[in-house]
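In what comes next, subunit A is part of two complexes: it sits with subunit B in the first one and with subunit C in the second one.
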Partner chain A sequence: MNHKDTKSTKSDKQGSLSVLRVFVVNNFRYALLLPALLFALAPVYWMLTISLKTEVDQFASPPPWFVFTPTLEHYYDAFVTRAFGQYLITSAIVAVTSTGCALIIGTMAAYALARFQLPWSLNRRLSLWILSTRMFPAIVTAVPLFLMMRDVRLLNTRASLIIVYTAFNLPFVIWMMRGFFADLPRDLEEAALVDGDSRLGALVRVVLPLVAPGLAATAMFCLIISWNEFLFALVLTQTDAAMTLPVGIAGRVTQYEIKWGVMSAAASVAIVPILVFALVLQKYLVRGLSMGAVKG
Partner chain B sequence: MSIEFQHVSKHFGGTCVVDDLSLEIRDGEFVVLLGPSGCGKTTTLRMLAGLESVTSGDIFIGEERINDVPTQHRDLAMVFQSYALYPHMTIAENIGYPLRVRKIEKTERAKRVNRVAAMLEIESLLERKPRQLSGGERQRVALARAIVREPRAYLMDEPLSNLDARLRVQMRGELKRLQHQLGTTTIYVTHDQAEAMTLASRVAVMRKGRLQQFDTPMNIYNHPANRFVAEFVGSPSMNFVEGKVDFDNGTFVNDSLSILLNASQLSELTGQSDLTIGIRPEHIQVLTEPHDGAIAASVYVTELMGNETFVFLSVGTNRLIARAPADFRAEVESKVWLRLAIEKAHFFDLVSGDVCYFPVRRSVP
Partner chain C sequence: MLLPVLFIAPALAVLLSLSIYPLIYSVTISLQQETSAGVTWSFENFARLASDNFFLTAMAHTFVYTIAALTCEFLLGLGLALLLNKQIRGRGLFRASLLVPMMLPTVVVGVVWRLMLNPNFGAINGTLKQLGINTESLTWTASPRLAMLSVIAVDVWQWTPFVFLVLLAGLQAIPQGPYEAALIDGSSRWQTFRHVTLPLLKPAILIVLLLRTMDLLRVFDQIFILTEGGPGFATETISLYIYRTAFRFFDFGYAAAMSFVLLALTSVISAIYIRFLQAKEAV
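== the complex of A and B ==
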């Protein structure tokens, strides 16, 4: 009797232990994710709340984490009184245009490198050379580019930023798209050619639809890089008309004061376009990011 | 439309893949390029399609020299080994693609697509995507895409090799009927000699880039130009025995067997000494009782095929295969006697492999 009792208690204990273990194992990932999520999102939350708090609340100690009277004065200040609306439009135009240019030119270059057999190992040599332009720190080219833009009178224009961003995004586009094109079986383009299509037609009608996820991922990266770019915008633009958002936001740190509210409001708005774009494209992003996008 | 290759060669870097190929294909013919992997047959097809450049020589379609004509203007249709169906388009769009790039308007396009789909019995699949189809269905779609535009010729690169055995036999018959119906010149590449024999009006056997023989299937089977062709065509393959002709005794000998030759063979072969004799399995009769003139042999193994039996034999150091009736049975290592239909034997030069003696008068194609 005793023996039986001990046995049943022991298995009971084991049973509840194993239930606990299963629960822990299954939910362990959330335990890991939660701190990481908090770590990543805390600054964003802080920024959002700062943008909605009055100046008094911003500097209060201890800070009101969740309960405070929100105000839209900083948003008004940024976009109506000051030129942040202008900066936003400039950023948008520059980012979209430079991404578009880089994608068009880069995709065609990548296709040529992936599909055409050039003499003297040019395929390999050109690819490495293109990649090498990204190997040195960007600041090295800041002064030469300033001088060049000054000489062609493109300082303080959107055009100068578009040109520079396209140049910097191009190697990235070429390198990524070349990989996607190389993964695609040649059969499909050859079938299109034999069916009577031109090379360009085959590229547009057959190849591009199949590398669309890769294209989306590449476009995403280019847009983010262009949108957030600070160094060249700082060097090449000083006027309100030509400034982009990052430069505009950083400019609120003056000799006399730091306008946290305005900065936060502008930054909060700056996040939104990229966020929307990423949400819309997230299906393609995941597929594009896992290399070997498509199997025909 | 007739097609002609004139001294066509193809080099990839230092390697010669197609060596001085000359071939004349008549309008409406079904020509098969047959050979083992790496023999240059696919490269030849791709040169004709324009997917590979020609290193030297000329290719003509009809009277037109097409070496420098880009692929899209050659008006040829190709069925690829992998079918190469466009995965992002429906079956109807796949089939209609050649018409779409020729700017044929929508209603006419739909009409032609439906007609071709009906011909190949794939109407029910028109709205699906390629990944939803089975291998056999995809193959039909690839065929449909080729025939929808009525090109000058069809090029087919091992289209049946991805199908299972039963489907392959079925599609073979359908392909043959289809080609007969449409009457368009067809060039078909394969390594399967059964496909070549059943489909072709003429077969071009290739090896290491060189043309070995270009003739009707029956002529290739009965009168192979050299040992390679003789061995490649026919399953199970021809038996080869190396040895010498002993003119004093009128026999063909090597260290383990001696075969009596007939007068016509002896007269044709005077002057030759080292030869290889080739006998097809169906020309060896296996007997369980000793007979006059029969050669003693021992059974290595038998394979029961259902409709016939393959008997693997050893005669001394020689190995032979014979075809026997379905009810033939023999134990391994048992003694049997072979009667050879010697008048059907082929003789090949030992070194070059070229044929020295044809058994039967060749029929002109």
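== the complex of A and C ==
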């Protein structure tokens, strides 16, 4: 009896000790993670508040983080009075069209690279060559592309951006889709082929529905990349009718008298579609951001 | 045999005309000189590089920027990944929130940090003032001394989440077996990290370092928005100098010559990384 008692208190002690230890270790984690979280989000929150503050509150000292009278005047100013509404439309048209083109051209190439046995180990060589074109620093191709677009009189058109973004996204689509096709067992298509389907028929009816989630994820990545792209847009479009949202915002930043509210309002709107896509994409984020190198 | 050709041809046509042809175009303009007697060919644009102080300074800035940002992003990203590689409450929320900076358009990142770092009404100096710190000399992006530090800090803010995300995926792909063996052997936590975690994480580390190095060497957007390479030329990296040469001075030939130096640099460095990666895979 006595013996049993000491034993139980001993194990209780050990139990509470390990609970304490888990508590300390976990809270140590939180003590490090919370500042990181704050550091990641506070600057974005600060911009949102600036976009909603009157000019008096914007310049107030000490800076009001939470208590101020919100106003939508900067949003009205940016998207109704100024041309930001038009930049927004241009950004959307360019992103959607170039993504569509890159998806169609890229998926076909990816399927061929993943499924057909090409001579002279071309599958591997072509894939690596395609990847290497994506590794060119943007400024390297921006200079000649500007001159080429000038020669064919496409400067300051949405078409120039659609063309350039299609080419820019193509290697990404090919690498992502090649990985998704390679993950599929071959038997499924072969069964369709045996059943008398053509290659194209097997691709459209059997393979594409199976890779649809991958295709959707790839499409969203392309949309984000095109929506965020800055350097090509800056070089190729300088008129209100053709410039994208990032170029429009940047143009306001580098002026001498900066309208902070208008700029923050435009920037806040620019991040909305991105955050929505990012939430949907969580599962594919690692794979997409490493061009398929890490299958997270 | 016709079908694969039909499938691949459009992609090849697009890449040849919009990635390869521009490079060839670039080679020709970098070798051409327009003189009164017509167009002549020479290596003058490349010869100029060695004695151009703007170019040499921009290269130095690019290296400082790359090495400093890469080091900070790697150490912080690895730390965060290790902290979140446990089933703790709110993990999904932490992970999602930490990823916000990296998803933002770089232009928006520039705007966010211009607002934060503004000496007059920025949140950073405002908060420091509240804490009783004299902020008169802390002009951040406007100060020649602090501008480089500021743009590096902004890059670390935006891209540490990416390093974190890839390394976390790498950590989670490590099987439990080696850890159990280490536990039986009585290894300390540090020994386990040093001899089990790090070697198994190496491929993910190399890939993330490769991708970050490539992006850092060609950095343009954030610096363009934050400082335009200034004050003076204190934060002008190679991409910004190429942009200035081409689109402010319209010296396309010289800009093309410089862009080949950048291309060569990124190619050599990525080749070294890939060599390391393949060496790992072979073992």
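In the analysis below, the second predicted complex is superposed on the first by the 239 of 296 C-alpha atoms of A that agree within 3 Å, B and C clash if a C-alpha of one lies under 4 Å from a C-alpha of the other, contacts with A are read in each partner's own complex, and residues count from 1 in each chain.
Please note the rule applied: contacts are C-beta pairs under 8 Å (C-beta built on N, C-alpha and C of every residue); 3 or more make two chains touch, one makes a residue touch a chain.
Treat the numbers as computed from the prediction; the structure is a model and nothing was measured.
Novice: In the superposed model built on subunit A, check whether subunit B and subunit C fit or clash.
Specialist: fit
Novice: Which partner does A:36 reach: the first (subunit B), the second (subunit C), both, or neither?
Specialist: Second partner only, subunit C.
Novice: Based on the superposed arrangement, let me know which partner A:195 touches: subunit B (first), subunit C (second), both, or neither?
Specialist: Touch status of A:195: first partner only.
Novice: With the two structures laid over each other on chain A, which partner does A:130 touch: subunit B (first), subunit C (second), both, or neither?
Specialist: Only subunit C; A:130 stays clear of subunit B.
Novice: With both structures fitted on chain A, tell me whether subunit B or subunit C touches more of subunit A's residues.
Specialist: More residues of subunit A are touched by C.
Novice: To make sure I follow: the centres are taken over C-alpha atoms, the vertex is subunit A, the ends are subunit B and subunit C. What is that angle to the nearest 10 degrees?
Specialist: It is 100 degrees after superposition, to the nearest 10.
Novice: Scan A:171 for contacts with subunit B and subunit C and give back first, second, both or neither.
Specialist: Second partner only, subunit C.
Novice: Does subunit B (first) or subunit C (second) touch A:225, or do both, or does neither?
Specialist: neither
Novice: For A:89, is the partner it touches subunit B (first), subunit C (second), both, or none of the two (neither)?
Specialist: neither
Novice: When the two complexes are placed on top of each other via chain A, what is the minimal CA separation of subunit B and subunit C in Å?
Specialist: 11
Novice: Show which residues of subunit A both subunit B and subunit C reach, each in its own complex.
Specialist: 294, 296
Novice: Quick check: in the complex, which residue numbers of subunit B touch subunit A?
Specialist: 49-51, 71-78, 80, 82, 84, 86-88, 97-98, 101-102, 145, 149, 155
Novice: Where on subunit A is subunit C touching in the complex?
Specialist: Within the complex, subunit A contacts subunit C at residues 26, 29-30, 32-33, 36-37, 39-44, 46-47, 50, 58-63, 65, 105-106, 108-109, 111-113, 116, 118, 126, 130, 133, 135-148, 163-164, 166-167, 170-171, 174, 199-200, 224, 227-228, 230-231, 234-235, 245-247, 249-250, 253-254, 260, 263-264, 267, 270-271, 274-275, 278-279, 282, 285-286, 289-290, 293-294, 296.
Novice: Which residues of subunit A touch subunit B in the complex?
Specialist: 185, 187-188, 190-198, 201, 205-206, 209-210, 294, 296
Novice: What part of subunit C is in contact with subunit A in the complex they form?
Specialist: Counting only subunit C, the residues touching subunit A are 3-4, 7-8, 10-12, 14-15, 17-23, 25-26, 29, 79-80, 83-84, 86, 88-89, 94, 96-101, 103-108, 110-116, 120-123, 126-127, 129-130, 157, 161-162, 165-166, 169-170, 172-173, 204, 207-208, 211, 214, 217-218, 220-221, 224-225, 228, 239, 242-243, 246-247, 252, 255-256, 259-260, 262-263, 266-267, 270.
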